[in-house]
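What follows is a pair of complexes built around subunit A, which joins subunit B in one and subunit C in the other.
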Partner chain A sequence: MAVIENNVGAYPVSPHANRGGLKAGQSRMGLLLLLPAAIAFSAVILYPFLSALGLSLFEYTVEMMEPRYIGFENFAKIASDPDVWAAFWTTAVYVTLTTLGTLVAGLGWALIMNQPFAGRGVLRSLSLLPWVLPSTVSAFIWGWIFNSRYGVLNAFLMEFGIIDFPRAWLSTPEGAMLAVVLTKIWLSIPLFMSFFLAGLQNLDKEQIDAARVDGAGNWAVLRDHILPHLRPVLIIVVVLGVIGNLQQFDTIYALTGGGPVRATTVLSVEVYRRAFEQWDIGFASAVGVLWVASLLPPAFLYLRMLVKGN
Partner chain B sequence: MFDLSSRQAKFVFFLALIVIGFFLFFPLYWLVISSLKANAELYQVVPTPFPTMPSLQHFVTALTTGKLPMYLTNSLITSTCSAALVTLLALYAGFSFAKYRYIGRQPVMLFMLSAQMFPFGLLLISIYPLMSEIGLLDTRPGLILSYIVFALPVSTYMLYSYFSQVPDELIDAARADGASDLRIFHTIVIPISIPPIVTVFLYSFMWSWNDLLYSMTLIVSEDKRTIGPGLLLTYLNEVNSDWGGAMAASLIASAPIVVAFMFLQRYFIQGVTAGAVK
Partner chain C sequence: MNCITRLVGTAAIACSLGAGAANAADLSFMSFTYAEEANKAIVQTTLDDFKKAENLAVEPLGFAWGDMQKNIFLRARSKTLPDIAQLSERWLPTFASLDNLVDLNTVYGKDKLEAAFAPDALAMGNINGKQLALPLLSGSIGMVANKEVLAKAGINDAPKTLDEFKAALVAVRDKVPNSVPYTMATKNNGSILIDFMVWNWVHGGRIIDDSGKVVVDSQQSRDALTFMVGLMKDRLAAPEIDRPDGRRLMGQGASAFYFDAPQTRTFLRDFSGKGEAFDVNVLPMPTPVLKAEDKPVSVQWGHLLVQFADGGKAKADDPADKFLTYLTSDKVQTDFPLKMSALPVTKSARDAVAGDAYLKNWSAATGDARRNEVGIWSNAAELTNVIGEEVQGALLGQKSADDAVKSMQARLTASMEKAKKSE
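Up next is the complex of A and B:
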């Protein structure tokens, strides 16, 4: 024990050294603690990831016992496959609409929830609910709202005279896209709101009061003070939103199954179908690799911000 | 924040409140209302805003005739086990990242975190044959292990952020008293870290409880099916759609996670937004 005490005393007590936590020579212990998570991570995340990257170079279908190396043939097939191109396009539309929609609604809702009024606390708590519901449940709710015969959306629109006969929303490409996009926006508002509210907490109120004395109106306060202050949060929310929306599968699959025909077949649905409905593992992996490639720019931004944050 | 003394400002504020609020809450309201309507009232072209004759029939049917209780039990087992597993792994990894210095610490941590961006669907392509090879396809342990994918990276990061704030003096003092590292961690650090640990547990529980993709792919037998695919296959198949039943079952399936969340939301939000907002 004396040895340890000596060690502790022997180190120069600079605040910087102390930030290192447990002292040097402890790295073996650190690695040991990391080991279980590292093994689990390698087994279910890293290995499958690398393996999927590798499989993109193989032909591997349900009739084959062993995968056969074919180089970049899968990618050549993708290049001439209009369905995959369409999936990329659909994904781009879906990600753009969901991210923009959630950004506007989430920011708006956060600003409203930041304003003091009676019942705000309850409203804030309740507005987190869409976040925690199982994805199948969200799909059920919106599927029921969009139902062609008994859906409340048709009833509303007819009541207000916007449409004069009920629409089969989920059977038209635009209607189905609208439904999956609204579902996802609805799901993501709570998370976006939470980030924005956290960002609004340390807003400099005196600065705003000073601006008000100088005659700034609400709009000027929003434009010149609140939005610039939220810029870092805004960026991280957009990046996280894009990453999440690029990955979205459950609600789309449960709501439309990627249809009608292929109108809502985003990349996640495309990869799932190729792999687990057509059992064309090699081709699915190749599509997946391109999917990862589309995730790289936002992922890179996100990591860079985390490093800066540290 | 905003000055709402003028009539115009008030109008814009309340208009936004009503529009976004309606979008957020109406679907929830409609879920509850629809679950309470008997079929005769449910299937009307012009829906009633409140149930004229509230009925618990759909709840009774869901709980007594269907397989919902079995799906719930299965989800409870797999989600609890995987959440416990993730929490345990993330605890030690987070502590290691926060309080030890070794070569490669930062790159390894960033790499683990970036894995959050590997599409779950892509990983599944290789997890499926992997589970099949080691005989865990269509088993609960197989699904539990696969669920690590969802939450391990972020959970580790959340605990890392928390442990980084634990003062080193606390640890150094215990070390000077001769306590071993593991002992320090178990008897000093963990007891003061209950809120973030609960957050991480709930976070990973939520992911598994809400999952559809992995469960419907890795589980084939009906007796091990979880609520995600269970609900989908029971209520919205090609032949008939039982919307009242779907709404009631949805409420039952959401209840556990909603209750847990309402109690713990404060910690939860702090945990999830930590690091992003300084």
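Up next is the complex of A and C:
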């Protein structure tokens, strides 16, 4: 072996040979392929983020021609601003309800779609409809459903004698929150369902059959076999759901505008309102930085799982 | 080499095409009227006529009314402002500090402008002695009634006092099924502000006085808000109503009263589906008063035109200024505002259209309009949000009128102090 190595070392190297070996060429090609995505990322995400990070240290309102450096004053103001804290709380409620709701509904729907029945393929395709529709269109559809004067929900409830007169769902804090949560759940079910369905395809049918032979009911099968099998998918779906729901803006803004009063003002809406309704770019940037900070823990978890190949 | 030649060739063609596109229009005009389906054709005709008259092409940039301020704000930051922009009169103070806003006194001369324009219209574009905007059309925001709905409810005359007004609302509620007797704005802070401001004036209150002191914490303001809350409780007004909802319900015969600008006639023609045949139902009326001897109130309203230029400098023969001159000429002013159901802004055009029955009735009904006491401040957007949130909170039963007024006073005072510091 040693003889061979010595001989290899003695051969003259071609002037056309790659100095870093074959791998170096591959790395350069990899970097080259990465370049368009990196440029796009830098232009539309990194630069605006760094810009917002910088602006969070400035006072910058519509009355000012140039921003004025004020250090961490915007963050100090946030600490004593009850509206921002209320937005954090509203965000927490919204993210918890939508993530849990979508988890349950998506899993339930995936279990149904996993059963063999006539028309399953068509129904599976139709299930993707909410995902295909633009989210603002969905928000307007749900806005009509909840509308106090023309809404389907009121008509339905009155038809069955559940309520006596039309209710203004979007004008109560609870009703408005319910509306934005239901809309987001409806929008997210296809994505969650797809993940769960993919996981269910790998489930060992014989294991389920054996459990049933041993007398396991539906609940026992779900608890002891299906859920443990779907655990990795569940974790990924929860993390992605939390990230997506923390970022949510368009459906909430289109459906309630963050109201009534501030009942559905999550952090994204708060940033928008401060920037484009109150024209306070510095303060809005500071809230935005904290909003991004709230996204970091789930994003870190997700990346960690990806890197570990979980 | 071939590849490089092709790339250079492509780039050259792209540049020439780009330059061609840039030269296609001589000036840009950002307008919310252009974004309104009912009015787009009216604006386009005006632009086409201008091109024929001056051989200058205008690039129209239509944005919804609710998105205009945001777009101007963002374009100011990215230095892509249009040459001319249409503003609501209440937005001007917000943008008054932009350094490329042209003082039009320096372009046309103060004396000439004062000689040509009606004083009330010209005043809307004046801030601290600078003529930062020219009026395009004007009028007031006052109460409008639907005669057909009133007749169904057995009401022959427009109510004059608050008591009569409430009695009329009750009659509509009881005799016109599925109606919202008064489509008071209960959604959208910008719309809520107008309704609250008017009822506050009716009750003798103010929100902010002329010196900038917040004075809303008064018995009059409490009474005004309590009156509005009472309308909600008695189902004489409804939640989830914004100005466009009011227009639609009015056009569909499902509402008897609401506040709007004279432009309402154009919207109602469209929303009723009856066109000009609906005009007979539109009744401009004085806002009901607290006591019979009180003077009815209405809010000054108008659309303005602002010019943006490098360093805020422009000349009368610049394409953008020729466009401004054209829009305020008799040819346009005796036509465009009428199509929009609004008053012209120049003295000569007002004389020429003095016989228009609708506008005459409107002016007679709404009387001397008061200046929007919130819209004149640079932090108007924040003030509007605070007022909207507090009033909405009371209307929806989330807080008492007393708490809402107290909270409004504290939040508005903080906002005014912050704005003074920023100046």
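The rule we apply is simple: the second predicted complex is superposed on the first by the 283 of 310 C-alpha atoms of A that agree within 3 Å, B and C clash if a C-alpha of one lies under 4 Å from a C-alpha of the other, contacts with A are read in each partner's own complex, and residues count from 1 in each chain.
Here is the rule we go by: a contact is a pair of C-beta atoms (placed from the backbone, for glycine too) under 8 Å apart; a residue touches a chain by one contact, two chains touch by 3 or more.
Just so it is clear, the structure is predicted and the values come from calculations on it, not from any experiment.
Trainee: In the overlay, answer first, second, both or neither for which of subunit B and subunit C A:Leu33 touches.
Mentor: First partner only, subunit B.
Trainee: First (subunit B), second (subunit C), both or neither: which does A:Asn147 touch?
Mentor: Both: A:Asn147 reaches subunit B and subunit C.
Trainee: Between subunit B and subunit C, whom does A:Ala293 touch in the aligned arrangement: first, second, both, or neither?
Mentor: After superposing on A, A:Ala293 lies clear of both subunit B and subunit C.
Trainee: Considering only touches as defined above, state whether A:Leu191 meets subunit B (first), subunit C (second), both or neither.
Mentor: A:Leu191 contacts subunit B only, not subunit C.
Trainee: Quick one: classify A:Ala118 as touching subunit B (first), subunit C (second), both or neither.
Mentor: neither
Trainee: Which holds for A:Phe276: it touches subunit B only (first), subunit C only (second), both, or neither?
Mentor: In the superposed model, A:Phe276 contacts both subunit B and subunit C.
Trainee: Counting only touches as set out at the top, which of subunit B and subunit C does A:Ile162 meet: first, second, both, neither?
Mentor: neither
Trainee: Counting residues of subunit A touched by each partner, does subunit B or subunit C come out ahead?
Mentor: Counting residues of subunit A touched by each partner, the higher count goes to B.
Trainee: For subunit A, which residues belong to both interfaces, subunit B and subunit C?
Mentor: Looking at subunit A, the two contact sets intersect at 147, 149, 276.
Trainee: Using the touch definition up top, name the residues of subunit A that touch subunit B in the complex.
Mentor: Subunit A reaches subunit B through residues 1, 4-5, 8, 18-22, 24, 26-27, 29-31, 33-34, 36-38, 40-41, 43-49, 51-52, 55, 105, 108-109, 111-112, 114-115, 123, 125-130, 132-137, 139-145, 147, 149-150, 152, 155, 166, 186, 189, 191, 194-195, 198-200, 203, 208, 212, 217-218, 221-222, 226, 232-233, 236, 240, 243, 246-247, 249-250, 253-254, 267-268, 271-272, 275-276, 281, 284-285, 288-289, 291-292, 295, 298-299, 302-303, 306-307, 309-310.
Trainee: Taking the complex as given, what residues does subunit B use to touch subunit A?
Mentor: Within the complex, subunit B contacts subunit A at residues 1-4, 9, 13, 16-17, 20-21, 23-25, 27-28, 30-31, 34, 42-47, 85, 88-90, 92-93, 95-103, 105-106, 108, 110, 112-130, 145-146, 148-149, 152-153, 156, 168, 171-172, 175-176, 178, 181, 185, 206, 209-213, 217, 227-229, 231-232, 235-236, 243, 246-247, 250, 253-254, 257-258, 261-262, 265, 269, 272-273, 275-278.
Trainee: Across the complex, what residues on subunit A touch subunit C?
Mentor: 59, 61-65, 147-149, 168, 170-173, 257, 259-262, 273, 276-280
Trainee: In the complex of these two chains, what residues of subunit C are touching subunit A?
Mentor: 69-70, 73, 94-95, 97, 99, 178, 180, 186-188, 238-240, 378-379, 381-382, 385, 389, 392-393, 396, 398, 419, 422-423
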